[in-house]
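Pasting a structure here, questions to come.
Which chain is which? They are A, B and C, in the order written, and residues in each are numbered from 1.
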């Protein structure tokens, strides 16, 4: 009963996104930027992508949330990330970091850490290799995908400990996505079992999730932990629905990608509450 | 009768695009660039995206039309836009401006105005907020989408007046897209009622339209007003067809986006003439 | 019999890609980068896109193959291509060049030649206009698509001669794609008749093929000629399957593009061996 009530409460955030239509400013990579824009529109938010140092503060000031994704970082856009992040922080708007590939190159790890030192992030979303790289440089990131060993070695409790440690160190809610997704604010922990293996067979699942987290945080800036939980559940559930439809239609990953956006756009509060695999662990 | 004849005449421009296969040079944003390339190919044109200052004049000289879109402008590409525009203008090729997000940041508004001062545009295509920002800095652009207030306050006649004013000031044909699309060369006005609300639930509808306008202008550089009208009708009709198919299939915005390109690629002259909701108002 | 055996042997490389899951580092254009990433994932490889000079050597060192695509080259990324290429060459990883639009501008032709002088490419993949531009500056590239005259004038034997000449000059396996695809290492020649005309109605077919070549070369770095042949066949067969499905469903180029990725992701070794239209000519 109380769990059902809590799920409804969390799923209600989807309605808040649709009502508020938060403007989400993304400084993100050029690989999945189109997917991020369409995912934002699908959940009911509005995307704005702008990365020139001459306008990022203006755009950040208009937006309800700022998403920084270092997937194809370069010297020019890192400066823009810093400028946009300072303005968003000054206006107390949630700033979300996706440290894509942290651990895969010194530049990525150092840039992610520089952003963490400079900006008060509301959320950090990465796979376990990336999150570990932010803490200790101990990750073994293989390209931009999580190293399976990183996950297996830790188990859910280990990952929760890692997430909690980074959360306490940074003040951010930390979301570590994998087979089980862990969301922690350093005290409370959510474990989410939505999602499907096909999501790792397309590019952009992680980036889209981070963008969608921006939408939920922009709609509910005072409930960041729940906003992240709702976004992770929504994206994972969309993945499950898309995978079921792809299996039924006997199609491949191209259609799965289209179906994923379809599911996000068609999802309502009741479906999200009903399909949510969310557990509070602490 | 005369209206039917006129519609056939306008729809005939689609055939001209397919016969001439105009090469359309786009310096455009990285969010929707893939959509623009696929939309151009779908209508029968050929895209070429090139933005380095070292080659933009060469590429512009090869192309039948040039599309400048400031959706993710930066200091580097603005210089390339100017150089490409000068070469295209020198060769009397139509140059089309999409002032994405003008009014949303000082940089965007100023850049759009700088381009307008420097280059003789054949066409300017934007939403009402963007077009107003070009005229007076009075727009209230919310991110890169039109502010609904801008439209409601003006009505179709008001928008036609705004479009006409910018057309007379710049010598360009001005297309203001919204619920009703207005195309004006400062004297004549077309009102187009094709299109569907789902088009604003995906990214790229506006950018693709601007690219497609480039295709039609490249095919019919001596009939710019009609070329813009035909492109706006074609895109709007494709949106209607895609929305009907998405409703029938009970799918969401991901599929709608795919269907939109399908419709552009399958559309023929007769279907365009038959579905065109075009009215000459002056 | 011996031909069937050889096809099975070649198709077996698809299994090797899926088993080894090569990491393919792409420095590529922003038009089709998402398509390339999804195509790589569909065949079973892992993409990593990174173009900042501060990290490209690190990323190249992690990857099994490096793909350089000059589709939207600029001064910044050309330096990154050189740095990444030097590191990959030092580690004896296959480096693949896609000289998109060589011949269309002086910058592209010169850049492609500069890359050829600086780096020991394992593979060069282009259309006939591009390949000719690399040899003699005699190409008449129209934008980034092949000039049909270039192909018609030469016939398959002429193209094989051109491919062989560039292969001998550079030491690379050269793949010239067109109605018939020619792959040559300067001595041996493969002629491949897979593929479908719809592939030229979407953007990215060529770029995706080059990325997929990277995947096959990353999986079989000691069998580059066969790896390229297998990749060309796989992409062409996927195009045929996608076209058949699009015709059956009576859909357009948007769906075709989705189906193409579907086919790559669903293809297995047996289907590839069965559908392969591969002939050894020398």
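Here, contacts are C-beta pairs under 8 Å (C-beta built on N, C-alpha and C of every residue); 3 or more make two chains touch, one makes a residue touch a chain.
Just so you know, these numbers come straight off a predicted model, no measurement behind them.
Asker: Could the interface between the copies chain A and chain C be described as same, meaning over half of its residue numbers are common to both, or is it different?
Answerer: At the contact between chain A and chain C, which are copies of one sequence, the residues are largely different (under half shared).
Asker: For the sequence-identical pair chain A and chain B, what is the superposition rotation angle on Cα atoms, to the nearest 5 degrees?
Answerer: Rotation angle between the two copies comes out at 120 degrees.
Asker: Where the centres are mean C-alpha positions, what is the separation of chain A from chain C, in Å?
Answerer: Their C-alpha centroids are separated by 33 Å.
Asker: Check each residue of chain C and list the ones that touch at least two other chains.
Answerer: 30, 34, 257-258
Asker: Report the residues of chain A in contact with chain B in the complex, numbered from low to high.
Answerer: 23, 30, 33-34, 37-38, 41-42, 46-52, 54-55, 58-59, 62-63, 76, 257-266
Asker: Would you pull the chain A residues touching chain C in the complex into a rising list?
Answerer: 29-32, 34-35, 71-75, 101, 104-108, 142-145, 201-204, 251-255, 257-258
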